[in-house]
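Look at the two complexes coming up: chain A is in both, with chain B in one and chain C in the other.
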Partner chain A sequence: MSSQFEIVGIRPADAKPPVRRQKWYRGKPLFAAALLGLIVAGCLGCGYIMTKDPSYMNLSNCNVAPDREFLFGTDTMGRDIFSMIWYGGRISLFIGAAATVVSTFLAIVFGALSGTAPEWLDTLLMRLTDILLSVPNLLVTVLLQAILGEANVLSLSLVIGVTSWTSIAKVVRTEVRQIRGSEYVIAAKCMGGGFFYILRKHLTPNFISSIMFMVVMNVRSAIVAESTLSFMGIGLPLEVISWGSMLSLSEKALMTNSWWMILIPGAFIVATLLCITSIGNYIRKKANNTQSNL
Partner chain B sequence: MNDDILLDVRHLTHVFPLSKKIAVKALDDLSFQIRRGEIFGLVGESGSGKSTAARCIMNLYRPAAGEIIYKGVNICDPAQFRTHRKMLQTTRQLIFQDSSSSLDQRMKVCDIVAEPLKIHRIRPARGSLRAEAEFQLRYVGLDAGFLDKYPSELSGGQRQRVAIARALSMEPELLVADEPIASLDVSIQAQIVNLFRHLQQEHGFSFLFIAHDLAMVEFLCDRVGVMYHGRLVEAAPAKELFSSPVHPYTQALLSAIPIPDPRLERARQIRQFTEDPENFQGVLTEVSPEHYVLMREGEHHG
Partner chain C sequence: MGRKNPLAYFGKKCLVFVFSIFVLSLAVFYISRLAPGDPLVSYYGDRVEKMSPKEREWAEDKLGLNDPLLVQYVRWMENAVHGDFGISYKYKMDVTEVIASRLENTLILGGLGFVLIFVLSMLLGVLCAWREEGWLDRAICKIGTVTSCIPEFWLSLVLILIFSIGLRWLPSSGAYSIGKKDDVWDRIVHLILPVSVVVTGHLWYYAYMIRNKILEEVRADYVLLAKAKGLKKRSIMFRHCLRNIIPSYLSLMAISVPHILGGTYIVETVFSYPGIGTLSYESARYKDYNLLMLLCLMTGIVVILCGILAQMINEKIDPRIKATEEAEISEVKKR
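Take a look at the complex of A and B:
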């Protein structure tokens, strides 16, 4: 009997599928996280690892190449770059974080407002963001900074934050338009929840995963913006030490052939950005996965 | 029975604009009243405007015409709504058809049940919000083990119980339930309807129960209104409506209910209902005490 009904082309499945134990760190950007953690910890605890006063200008020690005393050398004003890196990193990272907080807050409020607004207001607000989005960021930044006057850390964070919320706001608005008709939002409205209550309790938790990647990337672009602006001489002044303002010395450094003045802050910036990018990519992948699992 | 009227819907009309030229008249001169402590059933085929009526009553839609008087307040008037907002939000509660979408998937059951208390910053009578949530859950037949679960871990019936607990945590005076049992299994439907009946006796709230399952309506409701294309065609006490329907649409609707007796069931005839516009003209006329039928002046339905 069995020979008559032989099944062709089907192999019996292995009785035991090979169980491969998933390591907890598989696919997680461990190296990036560790490196970023190290940099952040070093910057936050710069008081413990600095060997010199970072703002002390020792003119007898200008342009010293890295040696035993000055681990990363000194700059054209005789400041110790090793100390400056950690000390200035604090400012750069702070600007990255503060600008992101500002832009994310603006984006969420603006996006949610637009997403819950009636049709005409929504259109108006979105056209407005389109206009902002189409103007080069740098232009707006320079303009705002010019209005605000002499840049300091807070004003620079504010300016960078105010110029970088539009793309997140568009995503928030699209998400909110989908969520706002859900019955749990209507139920919360019936119960008397106000705009900010619903935004905090129901909207944000449900769209946060889709903007998380952009938020992390915003930290990155804020650090880049700070460096760029300071490099161009319209950001932080030379006395305020940050990675960007350290790079602004590079012009002079090139003339004296002091590679360390460019390479070392540059390397720190690039390493930080790469770490943030890889963490951001991980978050994006995870968000996509959880969405498809629903 | 207390004859005090809690909710008075008068000549309610609501229009959905589909485009600049076309509009759907979802409610057309709808009038009914709900007394304190009464269960009023609203039935009608899908698309007859039941949900729209519920949402107008909950102030989610602004009706195009007509008024809704709730506890003496015209809630369609923005100024009056604003002055009584707090009272309106705390004493009216809505339960949706689909409990999987009316509960936020990212909130735990205890947060969901205590949410209205939190919004209105009401000091929970039983100490903490969690204790309050547990109390309300027990009321609807769920034990404390459900407090820390997420809605996706519950069955449909359990989720609907959570939604009921959330609505009841405010001790509402008017509960509006929009097809609360339509997405449940038949056996669970009966449980939930029993629960509603029990809770209504316990709390004494007025209850607008929207359904298209007529058997459940007959069991639960004191009075029933039948809707067709946005109009109320007949309203009567439940017993009377089911024993002697007058309007042809109601008769057709009732003749479609299966009878749990084979002999009678075999003899049952489903009455054909022709969409004769003649049947939907005129005014609600009282044919016997409390029994209103939509008909022309002096006309009598067979």
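Take a look at the complex of A and C:
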């Protein structure tokens, strides 16, 4: 190329040879899916893996570092961390799933209601979500839970679910507004289809792909919320074993410098979250509706 | 948006603001009082258990807890309008005094975290977009994804484990050592860990947004024109593209304030940093009603103000965005 004139705007992509057929697994988060599957399977089948009773307090073996008998060591109350991880994972994962179900359901109903409602009601409902949206989720959850007092698994999932539906609802509403005037929706309405019928048959299939990413991310934030709350001592109590409540002993662990009590449950949380995130990113790339680039 | 009359425009915003605050105060008031728990415990401590029913009644009367909720609310509101927010049951001081003594600490922590995120997210975003799909970009994206997956409280624990217990370099709690309240260096040392947790917890989220914004901008047609004119890559990036994304950057940062605030609260609790976060946690737990009310209102005011600010910036950039169509905000709030 001569140095005086430079051709501008040529895309290097033009020079590439025709794309070879890609393998089926290209670009799919296989490793993440496998690892997540492993963790979930381990938690569900914890009865086969556990070497000890997770809630048994073996007081003669408090604070033991990981060794052959206690694979991940024991905590300050003498419970075997290896068994607790798998046993408690069930509750952490359950809360992640249950809270997401609650929030997704609320979001879809609320969003569709707002999307199909007349203008003034729509404005009112969206103002409401705006106000809720602008308050940091975790703060509301902390307040709600602190005020509600002693938590159990269900109440905690409910609180987390109730505080995290707003952003999905906004997307649902935008999508519903785009398709609410379509012929098939009007036809269904003319034939006497009720709100929930139309929502199930016509609206949901249309917007499900664009909220899928956010739904997956909600699982992630629900798990984080559970562990944060339990850690602060306003989530699950110590006797209910979950990854978060295991970490609530970490204050004592710091004093005795028992790193395994902090690092191991945390590593499990982070690994799970990473897997969920990469699966979520894959879904976002695939259903490239709301995200404009990448 | 009717732009003809700026007074009406701001009036409407103010109305929304006042209304939101009113709803918030009503909600907090009712929820906190209907919930189980005994506020007398935080006032009288363990003595409550030994009280006879008559003494209890007298004590509740004294704190005004016997009236119907609506009466209590109206009374609180009347006093609040006159600047009297009541006393804290636990500290037996004016609520405003209790908060004033802690506010400074939170402002330092949150403000420092915010400024760092403000600057670093822009730098990282530009750096990634500059080397799009290069190894540096990929590496930063990978590391960023990992850091965004780490819960803040766990990161704090790990940092304490490494730097305060393992290496003994940094203190693990508090805002200053005893008796060294005015020692700047001592404060900085105490701030290092909390601030780094606040920053790592949020940085990547915003940096990634900015990176994507720049990448979108770089694909616009005017960049091609500028290139054809013979401008250098650097000057296109810094003089044209960045200038165009600055408004959305600012609105992004306005929205980030509540999130960073929320993060600060968690970090404060882990590091037992004497700030607003630990205070609101305590007050919610021990039913210190008056303190809880004011703290919630303060947080709410900051949060709602930032939301309105972001909305105003958005409307300014793009008049097509009506008050109801905030794709920008809903995209940001995806957490």
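Just so it is clear, the second predicted complex is superposed on the first by the 266 of 294 C-alpha atoms of A that agree within 3 Å, B and C clash if a C-alpha of one lies under 4 Å from a C-alpha of the other, contacts with A are read in each partner's own complex, and residues count from 1 in each chain.
Here is the rule we go by: a residue touches a chain if its C-beta (ideal position, glycine included) is under 8 Å from a C-beta of that chain, and two chains touch if they have at least 3 such contacts.
All of these numbers come straight from a predicted model, not from anything done at the bench.
Participant: Which term applies to chain B and chain C once both are placed on chain A by superposition, clash or fit?
Facilitator: fit
Participant: According to the stated criteria, A:183 is in contact with first (chain B), second (chain C), both, or neither; which is it?
Facilitator: Touch partner of A:183: chain B, not chain C.
Participant: So in the superposed three-chain picture, is A:37 touching just chain B, just chain C, both, or none of them (first/second/both/neither)?
Facilitator: After superposition on chain A, A:37 lies in contact with neither partner.
Participant: A:202 contacts which: chain B (first), chain C (second), both, neither?
Facilitator: first
Participant: Quick check for you: in the superposed arrangement, does A:237 touch first (chain B), second (chain C), both or neither?
Facilitator: neither
Participant: Looking at A:266, would you say it contacts chain B, chain C, both, or neither? Reply first, second, both or neither.
Facilitator: Once the two structures are laid over each other on A, A:266 reaches chain C alone.
Participant: Touching A:191, do we find chain B (first), chain C (second), both, or neither?
Facilitator: first
Participant: Counting only touches as set out at the top, which of chain B and chain C does A:45 meet: first, second, both, neither?
Facilitator: So A:45 meets neither chain B nor chain C here.
Participant: Looking at the overlay, does A:122 come into contact with chain B only (first), chain C only (second), both, or neither?
Facilitator: second
Participant: Between chain B and chain C, point out the one touching more chain A residues.
Facilitator: More residues of chain A are touched by C.
Participant: Using the touch definition from the top, say if A:27 reaches chain B (first), chain C (second), both or neither.
Facilitator: A:27: touches no partner chain.
Participant: On the overlay, how many Å separate the closest CA atoms of chain B and chain C?
Facilitator: So the smallest C-alpha gap separating chain B from chain C comes to 13 Å.
Participant: If you lay the two complexes on top of each other, which residues of chain A touch chain B in one and chain C in the other?
Facilitator: The answer is that chain A has no such residue.
Participant: Would you tell me which residues of chain A are touching chain C in their complex?
Facilitator: By the definition above, chain A touches chain C via 8-9, 122-123, 126-127, 130-131, 133-139, 142-144, 146-149, 166-167, 170-171, 174, 214, 217, 220-221, 224, 227-228, 231-232, 234, 247, 250, 254, 257, 259, 262-263, 266, 269-270, 273-274, 277-278, 281, 290, 292-294.
Participant: Where on chain B does chain A make contact in their complex?
Facilitator: 58-60, 85-86, 89-90, 92-94, 96, 98, 101-104, 106-107, 115-116, 119-120, 166, 170
Participant: Considering the complex alone, what residue numbers of chain C touch chain A?
Facilitator: These residues of chain C touch chain A: 16, 20, 23-24, 28, 31-32, 35-37, 145-146, 148-154, 157-158, 160-161, 165-166, 172, 212, 215-216, 224, 227-228, 258-259, 261-262, 265-266, 269, 280-281, 284-285, 296, 299-300, 303-304, 306-307, 324-325, 327, 329-331, 333-335.
Participant: In the complex formed with chain B, which residues of chain A make contact?
Facilitator: 182-184, 186-193, 197, 201-202, 205-206
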